[in-house]
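When the chains are written out, they are named A, B, C, D, E and F in that same order, and each has its own residue count from 1.
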Amino acid sequence: MPTPPISRYPVPDLQQLPEDLRTRILEVQEKAGFVPNIFLALAHRPDEARAFFDYHDALMLRESGLSKGEKEMIVVATSGANRCLYCVVAHGAILRVYEKAPLLADQVATNPLKADITPRQKAMLQFALKVSLDAPGIADDDFERLHGHGFTDEDIWDIGAIAAFFALSNRMANLVSLRPNDEFYLMGRVPKARKA
Amino acid sequence: MPTPPISRYPVPDLQQLPEDLRTRILEVQEKAGFVPNIFLALAHRPDEARAFFDYHDALMLRESGLSKGEKEMIVVATSGANRCLYCVVAHGAILRVYEKAPLLADQVATNPLKADITPRQKAMLQFALKVSLDAPGIADDDFERLHGHGFTDEDIWDIGAIAAFFALSNRMANLVSLRPNDEFYLMGRVPKARKA
Amino acid sequence: MPTPPISRYPVPDLQQLPEDLRTRILEVQEKAGFVPNIFLALAHRPDEARAFFDYHDALMLRESGLSKGEKEMIVVATSGANRCLYCVVAHGAILRVYEKAPLLADQVATNPLKADITPRQKAMLQFALKVSLDAPGIADDDFERLHGHGFTDEDIWDIGAIAAFFALSNRMANLVSLRPNDEFYLMGRVPKARKA
Amino acid sequence: MPTPPISRYPVPDLQQLPEDLRTRILEVQEKAGFVPNIFLALAHRPDEARAFFDYHDALMLRESGLSKGEKEMIVVATSGANRCLYCVVAHGAILRVYEKAPLLADQVATNPLKADITPRQKAMLQFALKVSLDAPGIADDDFERLHGHGFTDEDIWDIGAIAAFFALSNRMANLVSLRPNDEFYLMGRVPKARKA
Amino acid sequence: MPTPPISRYPVPDLQQLPEDLRTRILEVQEKAGFVPNIFLALAHRPDEARAFFDYHDALMLRESGLSKGEKEMIVVATSGANRCLYCVVAHGAILRVYEKAPLLADQVATNPLKADITPRQKAMLQFALKVSLDAPGIADDDFERLHGHGFTDEDIWDIGAIAAFFALSNRMANLVSLRPNDEFYLMGRVPKARKA
Amino acid sequence: MPTPPISRYPVPDLQQLPEDLRTRILEVQEKAGFVPNIFLALAHRPDEARAFFDYHDALMLRESGLSKGEKEMIVVATSGANRCLYCVVAHGAILRVYEKAPLLADQVATNPLKADITPRQKAMLQFALKVSLDAPGIADDDFERLHGHGFTDEDIWDIGAIAAFFALSNRMANLVSLRPNDEFYLMGRVPKARKA
């Protein structure tokens, strides 16, 4: 079976992209060693792509009461619930790398209740899943429960906003049938030395 | 009962906002006659707000095979399914104005099957609701059905991406308990002259 | 687009209706200024219509621990959950009029948790929605929770019976594709004087 | 374990009921040999009870393209889906008697797809279940499918209205925890002679 | 209407079955007076049938903190939730016989909350239904709640494993459209003498 | 964080197991290089364990119109839908090994529609998921659709019975919080040589 395309939609050539997008993508390539397919698939519409990556960076790179690994847990748990292959595989890889925990992504994507995480992190993911699956039901007692685990209101915004952003991201990936790069599947599963 | 706040989170003073956001908001105020609450609520975090409004404009202002009114139908239908009060009320107002159809927003928000719209528009909303509620189930035959109604692949991206963006927007609004401005409720329901 | 018919089924001429039904309908017309479409659509079968309106009046006009406005809140919240356009629009109008609250119906139909109502009224609507959506799960602790808000057993019968009656009403309206009268959409949204 | 009461609510003494209700109930008792508990439980509120039984009779006793047994199939199938013990047991008994089919009620209540009924009757029950569980989704093609099985529009009203009426009835029974009379459980399961 | 076959698949002749299976089935026939159809239907594949009945016996015949009747309650409640006609009818019969309670099976299959059972038994069935319908959500507090009703960890294994085994059994029965023997429908409903 | 136990329940020492179970487990260990945790967790109750593994082998080792890899696809897809961590991870490993397809398990567990499999295999998984999630809805047209892809009735039994068996297995694993062996996570993801 030939490898399917990375998107239902045309994928632009890097050379034809607007300067700013090309630079942004080349920086990612430099750092990761390859261009994650979501950059190419969304670049089909540069204006939307710019806003998408700006939003992503504003949320994921910002200083926060959540660690970088915890933010990725939210991405992986909600993407698992939303059955988004690209996000489960790509962000599962990042989660493994950040947490140096080769088993964690599969656990979080399949069932956060069975994952090797703290009760505080389980409460965080429970709320993220509520934002993903039952946002109209959010009420004061959700905030109180999270305060009880030491989360501030700003932390709760982070949790909720990441879950909300990936509600968008998961739907775009399923819309265009976005294919994860093969590289992601193995990333963070084996010690670095071995990959060399 | 005193009017509840427009957001669970602190709402910034316009004067304290970064120049670009303040300008953007003042322009909206100039045009609409008031500042829609989502601008104030999201401005609590300027970086995220900028990306949010850039994304919104990239999708909603772009030339498209969908009319401006059809785009708002997608917003209202999916926001109704997601039980997002702000988006149903605010975008319901815009839909009424664009389509000069005072009854349409309540119909589309409650049950698109009973709305005064064309079969083509019903097919459009059916797909938008699938993106909202069952994106992992999207398959080739969804595309074929929409092609049969004359939608191009780019039109389908528009439909799907608007549904996806409001999957994010609806969740943010429910997270912060965003209150619609009172002005929206009546907008587009009565002839302009009457409001004067 | 021509206005669709008010029902999938033939709508009787007022003059051909049995005396008692005609009188009943003319009284409503006198009071409301128009004949709500549900009277005409259901009069297609006079025996069922009589029982329907008797039932409605027995519940809605009866002295109760619930105010007339609270009864309409139950109708609007459950009809919203059941996606019944006629009931949301027509009873939304009545709710606005009774409560002199032009914003309330849209709030209650979309998400009662975000409505400008008291915690007692939210508990009332939570139970009404349980009767609508999960009646087999009703148990003693539901009654205890409502007692805790000061509702008597008779009040609880009122809440449950109104939710149950509109479970019927919503299904009939969706069965016949009952169209709300245009008049309802604006009723109670603007001060009386303005309408003159 | 002592037998639980037949209703959460006070059950009136037959002698204290309004004349018309008492007469109506005594007639049922004469015919059935006992008073079905729903008469006593609903008589707690005579006005609602009258409308309820009028509605029931208008639908269930009316001449129709559906046989009396088919009407009871609709009641049993939708009451099974709504998990209403009283209606499953009481109307299951009536269905067995009408159809002289001792196995039929358990089949229809549990899974109509496995019942000993005709394809036409399966289509009838499929639509009844749609009215019960997904009324907002009713559309033209549902009517076409039923026409294809020989049902007229009036037959479809019967199917839909019976499903709608028992949507009410099931919820009232679950609200008051209505207990089926012991007699119903065995009725129609054994030949008459044996019962003598 | 001719009686439908007991299975979509070929049903083996008892004489052609491997010795051990034939013996096993003849023993059941001796005891029950007839061969329950599941033995014949599954014997289509002797290896799977052997394992199926071994598993069944290991769970259902084992000494336990649950009575034989309580085990059957679990079967009937979960089979009701899974809409499995064979298991509801056949195990409903066994439940009636074990508990000498002619009304119990219909109650438990339709809505355990309305059944004539103890609060401890309701808690048992609530957990069994969670295993059936929401196993990934099982957590420590489920175990604690059951401990509070006096169930040991081994009892909880029994409850969960019976629910899990009938998750398999219900699906096999629905897959092959397994028809309950007519005998089961009446078993345990009438005093023994009457059947003579 | 210390590694959690492999089961909520006591795990027997291999030496204390009945001879036949110990032999069986040692054979697996010989072949796989380690003892999969499900053997140890279920051996807590030897009779049930024997039946479980007999059933598993009868289904999974039997000659069939499905390849060994296709059988594992069914396990992985239904276990993903049932959110069973052990089965997704352990059988995901086996699927990768059988199909020599390092990406396949994550695809099938997350969303079979996006997996690198044939249309025939997608139809197979669609039916397996129906058995898992909606078995009462199985009807003749499901069989016809599968016949159209070349599956025989015996193949359909295989598909359905594997889905049914893992409905049991998934529930047992979630009941005891069965932990996958660390070895499974990486198995089949890297070329054999690399592991040496």
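Please note the rule applied: contacts are C-beta pairs under 8 Å (C-beta built on N, C-alpha and C of every residue); 3 or more make two chains touch, one makes a residue touch a chain.
Being a predicted model, the structure only gives us computed values, none of them experimental.
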Shared chain contacts [subunit A and subunit B, defined touch]: C, F
Path length in the contact graph (subunit A to subunit D, fewest steps): 2
Cα superposition angle of subunit B on its copy subunit F, in degrees to the nearest 5: 120
Interface with more contacting C-beta pairs, comparing E-F to B-D: E-F
Distance between the centres, which are taken as Cα means, of subunit F and subunit D, whole angstrom: 44
Whole-Å gap separating subunit B and subunit E, where each centre is the average of the chain's CA atoms: 51
Junction residues of subunit B, two or more chains touched: 83-84, 111, 136, 138, 174, 177
Each pair of chains that touches, named by its two labels: A-B, A-C, A-E, A-F, B-C, B-D, B-F, C-D, C-E, D-E, D-F, E-F
Residue ranges of subunit F in contact with subunit E within the complex: 8-9, 44-45, 47-48, 50-52, 54-55, 58-59, 62, 82-84, 131-132, 135-136, 138, 143, 153, 157, 160-161, 163-165, 167-172, 174-177
Subunit F partner contacts - residues on subunit B that touch it in the complex: 136-139
Residues on subunit D engaged by subunit F in the complex (per definition of touch): 111, 113
Subunit D-touching residues of subunit E, taken from the complex the two chains share: 1, 3-4, 80, 83-85, 88-89, 102-103, 106-107, 109-111, 114, 116, 118, 174, 177, 179, 182, 185-186, 189-190, 194
